[in-house]
Amino acid sequence: MEMRVSDLAVQRGGIVVLEGLSFTLPPGRALVLRGPNGVGKTTLLRTLAGLQPAVAGQVSIPAESLAYASHADGLKATLSVAENLSFWAAVYGTTLVETALEGMNLIALRNRWAASLSAGQKRRLGLARLLVSGRPIWVLDEPTVSLDAASVALFAGAVRAHLAAGGAALMATHIDLGLDEAEVLDLSPFRATSRSARQDAGFQEAFL
Amino acid sequence: MIALLVRDLRLAFRAGGGFGLGLAFFLLVAVLVPLGVGPEGGTLGKIAPGILWVGALLSCLLSLDRIFALDFEDGSLDLLATSPLPMEGAVAVKAFAHWLVTGLPLTLAAPVLGVLLYLPPDGYGWLVLSLFLGTPALSVIGAFGAALTVGVKRGGLLLSLLVLPLYVPTLIFGAEVVKRGAAGMEVATPLALLAAITAGAAGLLPFASAAAIRVNLR
Amino acid sequence: MSIWEYANPKKFMALSGRVLPWVTGLAVLSLGAGMVWGFFLTPDDYKQGSTVKIIYIHVPAASAAINAWAVMLIASLVWIIRRHHVSALVAKAAAPVGLTFTLIALVTGAFWGQPMWGTWWAWDPRLTNFLIFALFYLGYIALWEAVENPDTAADLTGVLCIVGSVFALLSRYAVLFWNQGLHQGASLSMDAQENVSDVYWIPLVICIAGFELLFLALVLVRARTEIRRRRAQALMARERLA
């Protein structure tokens, strides 16, 4: 259940932004992506999640083992907390709604409409969705945005529990979660240099 | 996928405006046309099939951009794309949900509006049948247009421009069925063609729509 | 030397640059010769008078309009299957030219019809088909303009072109079906099988060839412009990165 990436190059808007990236994410470990804004953290995560094609390199992820959470919540405002989660449970074919509600401390809010939740509660619901998916590898883009310290601690606890159960997590975040199992991967060295003109990166590159 | 259908139906009913808006617009058309054209029975009765079909078509157009745009904006479309659900299935389900909320109510309400437009008595059955067979095509084709324009800001007008030429065959054959049926003529050809277009569109367009969504999510 | 070499933008620019002056020259020649011959050197039709000579613009424009869409369809397929950027830009370049030819066909059709029918428009199958066709073109062009990312725009318009082609064919048959009931005395459909004597036929062929060459010239010019524009954008983007 490990994610292996070798010599990966990813593109955004037709330009290669990262290249030569290699890392391994074994079960039980977490990898935190760091780097200045615009370096390509979101692009990398989206590529690994399968939303964008990679320009070059290999990505080996066991089938059906990845769950992606972007900085947009994906929550439906007019559905209740429980309804939001049971939808995703049905999509992923699991029955983990109760576990997820417990894990993210949302039991008391189960019948509240998502529209009436605070920002922090919405984030917790978004993360509860990950628990519901039952998937071992979590790919998270800025998961702790708008969370207060208590909620960050809750989130870190949930990640720790997930790692202890054999899962893995890859996340882009500026906040130090205090996770011992987490390594930091700085993406700045992997920035694409302007000398690399790849034919298949997209329109822009092909015309140089 | 049933879960997606249930979710979308729930959202449509709770959001308000999706369900009633199309019907209200349909009613508007049926009221405004006689006001514009004159109350003369002969004229109205002759153009009733066309008015009803055009009204249904425009009403369907109204809610098309919501099929994917809402999910695109709040990130659910990204999450659906990374979920085990195949995008083609998701598109088909969403088009079906759109039909349940828009096309089907229009089909059921049409006979009432036919009365307002002096539709000849023989035409009512054919009206309902042609709309029943044709409005799913409108939803599926509309979903394709919505998939193409999901990333475009305020793409409603562009969506209409893209989708209207694609609606022409369904419109022509659907209206022909009602016209000929009302006159007691034979309807087999347009009816068969109408059904064929709907079947073909429903079977094939989801693939094109899914491809368009994946492109837009890149 | 395979044709796919010209998928490379530089090679395409080189070849099209060499070919363009010849194509333009030939287009001007054939159009000039064809139209002068057609308009001034052929006798008037005994039925329709001299207005029939508008076919020297109407028919070639209509035929070029359809060819333009065929070019777009093939270019879209090449883009989607083989990802050659030049192909996508050729499709983009051909669309406004095709739209213009469609509009010319519509306007000349109206001018032709007016003396005969007394109206500026008739829902004749041919004219109706071209009106719908113009809408297809408009939608395609609008989609190119509305999407910011060029790769995304190329993919989306490619899919639209393919789906649109199927529906355009369906539309054609639907419109013919729709118009069946009406008896159109003098339809505008000017097929080769109708009584077109040699006297009219040869200048018509020359005009058709002229319009096709004009189409080719215009598409080449527009494609070259698109390629230059993309190159400028790529250079600017590279500037921003460095």
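Note that the chains take the letters A, B and C in the order they are written out, and that residue 1 is the start of every chain.
By definition in this document, contacts are C-beta pairs under 8 Å (C-beta built on N, C-alpha and C of every residue); 3 or more make two chains touch, one makes a residue touch a chain.
Please read all numbers here as calculations on a predicted model, not as lab measurements.
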Practice problem: Give me the ID of the chain with the smallest distance between its Cα centroid and the all-protein Cα centroid. | Solution: B
Quiz item: What chain lies farthest away from subunit A once each centre is taken as the mean of the Cα atoms?
Solution: C
Quiz item: Just curious, how far off is subunit C from subunit A if you go by their C-alpha centres, in Å?
Solution: 48
Quiz item: What whole-Å value do you get for the distance between subunit B and subunit C if each is reduced to the mean of its CA atoms?
Solution: 31
Exercise. Determine the centre-to-centre distance between subunit A and subunit B, using the mean Cα coordinates as centres, and give it in whole Å.
Key: 37
Quiz item: Residues of subunit C that touch two or more other chains: which are they?
Solution: 151
Practice problem: Send over the residues of subunit B in touch with two or more other chains. | Solution: 218
Practice problem: State the interface residues of subunit B toward subunit A in the complex, per the touch definition above. | Solution: 2-4, 6-7, 10-11, 14-15, 73-76, 78-85, 217-218
Quiz item: Contact residues on subunit B for subunit C in the complex?
Solution: 144, 148-149, 151-152, 155, 158, 161-162, 164-166, 168-169, 172-173, 176, 189-190, 193, 197, 205, 208, 211-212, 215-216, 218
Quiz item: In the complex formed with subunit B, which residues of subunit A make contact?
Solution: 46, 49-53, 64, 66-76, 78-79, 83, 86-88, 90-93, 129, 133
Quiz item: Which subunit A residues qualify as touching subunit C in the complex?
Solution: 13-15, 192, 194, 200, 202-208
Practice problem: Spell out the part of subunit C that touches subunit A in their complex, as residue ranges. | Solution: 9, 83, 85, 149-151, 154, 227, 230-231, 233-235, 237-238, 241-242
